[in-house]
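Data block below; observations after.
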Amino acid sequence: MCLGYPAKVIEIFEDKKALVEYLGVKKMVNIALLKNVSIGDYILIHSGIAIEKIDQKEAEEIEKLFGEVQDANS
Amino acid sequence: MKFIQKEHGNGGKQTYELINGLFKPIFGSEILKRGDDSSIFDLASKKIGVTTDSFVVKPYFFKGGDIGKLSVCGTVNDLAVSGLVPKYITASFIIEEGFPIEDLQKIVRSMKEYADIAGVEIVAGDTKVVEKGSCDGIFINTTGFGVCEKEERLPSIEKIKGGQIVIVSGDIGRHGACIYSHSSELGVEEKIESDCAPLNRVINELLKNVEICYMKDLTRGGLATALNEIAQKASVDIYIEEDKVPVSNEVKALCDILGLDSYYLACEGRFVAVINKEDKQKTLEILKKYNKEACEIGWIEDTKEKRVYLKTSFGGTRILDMLYYEMLPRIC
Amino acid sequence: MQTAELIWEIKNNIEKIGRSLKVIEVCGTHTVSIYKNGFHTLFEGYIDFISGPGCPVCVTHEGYIDRLVELSSEWTIYTFGDLLKVPGSSKSLSQARANGGKIKVMYSPVDAVEHLENNEKVIFAAVGFETTAPAFALSLEKVIEKGLKNVKFACELKTIDEPLKSLLQNHIRVDGIILPGHVATVIGVDSFKFVEGFKVASVISGFEGYDILLSLLSITQDILNEDFTVKNEYKRVVKKEGNVIAKGYIEKYFERTSAFFRGLGLIPGGGLKIKDEFREYSIDMSYDNTKQKDSLCRCADVLTGKIKPFECPLFEKVCTPISPKGACMVSQEGSCNAYFRYGKWKGR
Amino acid sequence: MKFIQKEHGNGGKQTYELINGLFKPIFGSEILKRGDDSSIFDLASKKIGVTTDSFVVKPYFFKGGDIGKLSVCGTVNDLAVSGLVPKYITASFIIEEGFPIEDLQKIVRSMKEYADIAGVEIVAGDTKVVEKGSCDGIFINTTGFGVCEKEERLPSIEKIKGGQIVIVSGDIGRHGACIYSHSSELGVEEKIESDCAPLNRVINELLKNVEICYMKDLTRGGLATALNEIAQKASVDIYIEEDKVPVSNEVKALCDILGLDSYYLACEGRFVAVINKEDKQKTLEILKKYNKEACEIGWIEDTKEKRVYLKTSFGGTRILDMLYYEMLPRIC
Amino acid sequence: MCLGYPAKVIEIFEDKKALVEYLGVKKMVNIALLKNVSIGDYILIHSGIAIEKIDQKEAEEIEKLFGEVQDANS
Amino acid sequence: MQTAELIWEIKNNIEKIGRSLKVIEVCGTHTVSIYKNGFHTLFEGYIDFISGPGCPVCVTHEGYIDRLVELSSEWTIYTFGDLLKVPGSSKSLSQARANGGKIKVMYSPVDAVEHLENNEKVIFAAVGFETTAPAFALSLEKVIEKGLKNVKFACELKTIDEPLKSLLQNHIRVDGIILPGHVATVIGVDSFKFVEGFKVASVISGFEGYDILLSLLSITQDILNEDFTVKNEYKRVVKKEGNVIAKGYIEKYFERTSAFFRGLGLIPGGGLKIKDEFREYSIDMSYDNTKQKDSLCRCADVLTGKIKPFECPLFEKVCTPISPKGACMVSQEGSCNAYFRYGKWKGR
């Protein structure tokens, strides 16, 4: 139920929508719950709605630790 | 634009015109053209194999194929993984009135194209038209016959035993992910390409060069279900290593977005093979000519629990069971 | 750091503690992550994983399903796929659909509203915790904006704090709690401060395998250090105050109400209902939540960690994902279900 | 009451249970039970005949049969009229979710019953489940294989020539009339019984005793359409005597009530045969053992207009053309 | 369009309905357009509605002439 | 009497008259009976059969179909099967159904009403002559009784007298008329008295083969005797005054209006419309009946006996029952259609 995935903002549209990319898949999501979203930001999506921005510094730390990536295309 | 009407299926003049004006010219088979109640022909051998499948995929045009291509590949693949040379196919259509004839033409042409690629002839057909709302566009049944060229080469469940290895012919889950990606409500921008393809060539080359103990194409239910069927029938356990199973990023992405599991996603151009350890190099050599993602993913154990186990990336082990849940859109 | 090292360190810490630990998670997505990654076998003898009542499907009363089934002959029910298989007292939504009920699976309640037409009679089955509540708030906002008069919400949204309090107070003694990372994303770290009062190691966790491992490390260290402050392993997403806009949406459209939780019973303040000013968008879902089907199902004991799924006499024999006898087997995120599907290494 | 659900068609656990719990025990074929991707078996001869048909009849239970019986008889009959001995059949199901499993069981049992009567084995199968509203209850495809016992006995369109006579194996139009009689709005009290039946026995006896130049079973489009197809393919004219064509009172009644023409009503257990004059007595002797209404109805002329003419009761002559119109309910 | 068939009245029901028989086929029809219908009467049916009674004397005369029958079951 | 004798006698009479006769029927069921029984070949050289504008489908304007097609996206159209294939200016009802239009074929408009539910939006396509008009009157009565507010009638019912007058006055010279037995059943022998003024042999006929033969005998005798009174061959059914109850029903619900007849044009009093007091049950079907698609179709000439179907340049080449270019080919009771399907003996 509380599934989420991290995605990169590719394009921002009117009506609080954004095109995001995750592992090469592009999809429109709703960004009404976030403020100051910019292209290139990483955001966390739950049921089609962005519920938070992802702190890239923190994410990179994890990445360094495990060699895992948030987004294979970044 | 022209549409299918109920009269195209009443067995009368318009059925006759559809068959003679659309199906026969495209399929072009001499046997089919005779248009008798049965199609009669000579077989190359008395040992034959038969398989049947109905295809109900929605949407009927998808990235990488359509229901026509799928209906030919699906049946060709069932024959091929059984170790047979696919020879003949029948095609039976159930069409909803109002179906665009142009679309039907595309589908039928695509069947012909892939029948040619697979080297099979379409020898018999049937068309029924049902009223609007009684079926969802178009359903196709194909039934295929293959002949057995060398009996001792036939893969068989009895040949499976502990110590053998399990190979997959390419990355998994593309067809299922493709169909999900077409769901308009999901709003995925670029659709994922289906893996739908005929497997008879690669399999034929394999059969001629190595001993394939058993094969199964991955369709509905995906890799997990196919492996479970094998474990059940062969009364063995199968161990799969999570890290080795090839899954494309796109398929992974779709799984994360929808909460799906790639092991259960359908493929329509992939198979698993059980082979002896010593054949591994040769087998992979051949497979990789057709698909670079082909690789070893696990092994057989004689423990007879009839289970499939997954060794996880973190070193845990868990059951990999059959599919229990509804995968929502229609995929084959 | 390699995951192997991390696992070694966790086990090492547990050895230092000198006994196996009981760790509970209360989010179904965590349940699945643990079992899918095989952590239940990897930490066998070290950690005993308990899946608490954190799957919104598992805790839903069958009366809610019954009412949706009833309504589906006239209204189109939009639901997440998760709810489809939950048995009501006679039928699940999936069975209702097979018998002609109008049921539609949605991916997003916000996108779904965008595709609605003017006169469609639609009910959104609003289930979920605070992660999902903002989505339904947005959805309701769009319904109001579009002036759709025939769209209603069957609100059965839940909150996490009250049931968690009840669980820790009345039902269970655990060593560590893995707190739900996506609920925390919305409500913030501070909303979990109350857990500290229970003197239990707790950590807000992400959902990747390494997130779980880092959280287990945090729990074992906290136990060693007798440190019972709430930790946040999921820092890349979860903020102290959560998502203020999202919380604002929840407050604008919903208010606290008492809610039924399978295994825990009726919990005051455990649910969200649509505020009175928007009641025209709410459909009456009243059902008798004191009555439950008589059953040998021991879900309640599983959810509160009293027994493991395989200790239930029905498990695997008569209770399977295909014919579930209880909610924990129904939901793909239920603990009996996860145990059934991902199981134990070599036998059960 | 249990119903089919989408999971019965997802290829996973429940599909497996449906196949192993319902289909295999009833069909009972050893070949089918192996459950491989293809069913492999040995044929008695290398010359084989194949036919395929999808069945979409509504209602699926009708007086005198059901869609299961029909799906077996239809395919058996296509093989039989081609002069083949029906041997193997595949069965592919498309089922709407919500379909009562009890009804499915009845249908599958009825397939087995008529497969046994016709002496054919069901060797391969497939099941797809589509969501509510995506098909109308149940559709069945059967594909059949027959072997040729004596090549020189095979009926063939080339054997037709002027002077030969046309025989019908029984009264016409029962199946079509049966389906109309089930239409609830029409409100016919007692339904008309379908003629649905396997024809392979009577045909086998005929083939062994007389030379059958050509045969065709009467299905969609009825007698008129079958005769027109023959006239077209053989480039001959066919003359039919109205007074000789056997039509039961009930079928006549339904035609008058609905303004239909019995020549176009479907049969599912009748065929026409073209034979040489000298074989008439022997042929009718055999046919009448199975159906007293069997009789000569007309003759072949070499005039090559490719037309069917009807000599009316009053002595007029008119064209009997193919079916041009929609016969409303679904009949096969 | 103006198709009709002659049928024998087998049973009369409320609401101006009758069960009729024609060549062995039984069917309910509407008899609201006729008065004094009795069991055994022959009536002419058009689109499910009886539009007239059939004069049996006249019908028998025709029958005598052509050996045709109005109803094979009479 | 044997039919062979009867045929011989008719031919003998015609030989006495000394020329071949033009005989017209104005009922589609007669058309079909003549062709199905092969009378067109049996009397070749003796009788030239003309099919007048008596098939209600053949005479219907395409504007009526267009309007039904349009309405079928919102309303369920109940129609006799006969109307399904008639092409409108872009689509037939059958094509509309294939594209999602709600079209239902009915057997009886009275039975159909009995199965209707309360809120169904239904339009009855009311076509036909006086034979069928009472059925729609009964149907309308039932709709009123059941209080169905969403059921309407698209009334395009026709009368037989005015078009027949127009035909005989302006279009055609024939020796004999076979008058429609079932229309006469309703309206009575007396309603056809006006035919006598045209000095043509006429007879009300049944529909069996022997009925047609008896009628032809009557016509030939009348010609020989120069007797132009209307005869009634269909005595077993048709009464002097017709069916008084049925006529009463027509009068209660319908009134005369002018109507369009393909081949004859607009005929004052040639149609029936729903009376004003019941207008809530009538749906507006107004269409421009002065406009017709440009076409080489010579239907009008066929219907008025000026040419035979095979003299139309489109016949069989481009105009067939599958792609009809005119109404006479569309209807199974149309003369081009009957000629196409039942044809002539040996070639056409």
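Lettered A, B, C, D, E and F in written order, each chain numbered from 1.
Quick note on the criterion: a contact is a pair of C-beta atoms (placed from the backbone, for glycine too) under 8 Å apart; a residue touches a chain by one contact, two chains touch by 3 or more.
All values derive from a computational prediction rather than experimental measurement.
Visitor: What chains, if any, are shared contacts of chain D and chain E?
Guide: Joint contacts, listed by label: F.
Visitor: Enumerate, in label order, the chains that touch chain A and chain D alike.
Guide: B, C
Visitor: Would you say A-C or D-F is joined by more C-beta pairs in contact?
Guide: Higher contact count goes to A-C.
Visitor: Can you check how far apart chain B and chain F are, centre to centre, with Cα atoms defining each centre and the answer in Å?
Guide: Here chain B and chain F have centroids separated by 56 Å.
Visitor: Measuring from the mean C-alpha position of chain A to the mean C-alpha position of chain E, what distance in angstrom results?
Guide: Taking the average C-alpha coordinate of chain A and of chain E, the gap between them is 78 Å.
Visitor: Quick one: chain A and chain F, Cα centre-to-centre, how many Å?
Guide: 71
Visitor: Which positions in chain F touch two or more other chains at once?
Guide: 3, 94, 107-108, 111, 321-322
Visitor: Which chain E residues reach two or more other chains?
Guide: 3, 48
Visitor: Which residues does chain D have that touch at least 2 chains other than itself?
Guide: 5-7, 13-14, 131, 186-187, 259, 321, 324-326
Visitor: Taking the top-of-page definition of touch, could you list the pairs of chains it picks out?
Guide: The complete list of chain pairs in contact reads A-B, A-C, B-C, B-D, B-F, C-D, D-E, D-F, E-F.
Visitor: Enumerate the contact residues on chain C facing chain A in the complex.
Guide: Touching chain A: residues 1, 3, 27-29, 55-57, 80, 82, 107-111, 127-129, 131-132, 134-135, 138, 180-183, 185-186, 207-208, 210, 235-239, 243, 245-246, 249, 333 of chain C.
Visitor: Can you name the residues of chain A that touch chain B in the complex?
Guide: Answer in residue numbers: 3, 5, 19, 22-28, 45, 48, 72-73.
Visitor: Quick one: in the complex, what on chain A touches chain C?
Guide: Counting only chain A, the residues touching chain C are 1-4, 30, 32-35, 44, 46-49, 51-52, 54-56, 58-59, 62, 65-66, 68.
Visitor: Going by the contact rule set out above, which residues of chain B touch chain D in the complex?
Guide: So the residues of chain B touching chain D come out as 5-7, 9-16, 35-56, 58, 77-79, 81-82, 84, 88, 90-94, 123-126, 128, 130-131, 133-136, 139, 141, 143-146, 148, 154, 157, 216-217, 219-222, 225, 229, 233, 264, 266, 321-327, 330, 332.
Visitor: Note which residues of chain B are touching chain F in the complex, please.
Guide: Touching chain F from chain B are residues 3-7, 13-14, 17, 97-98, 131-132.
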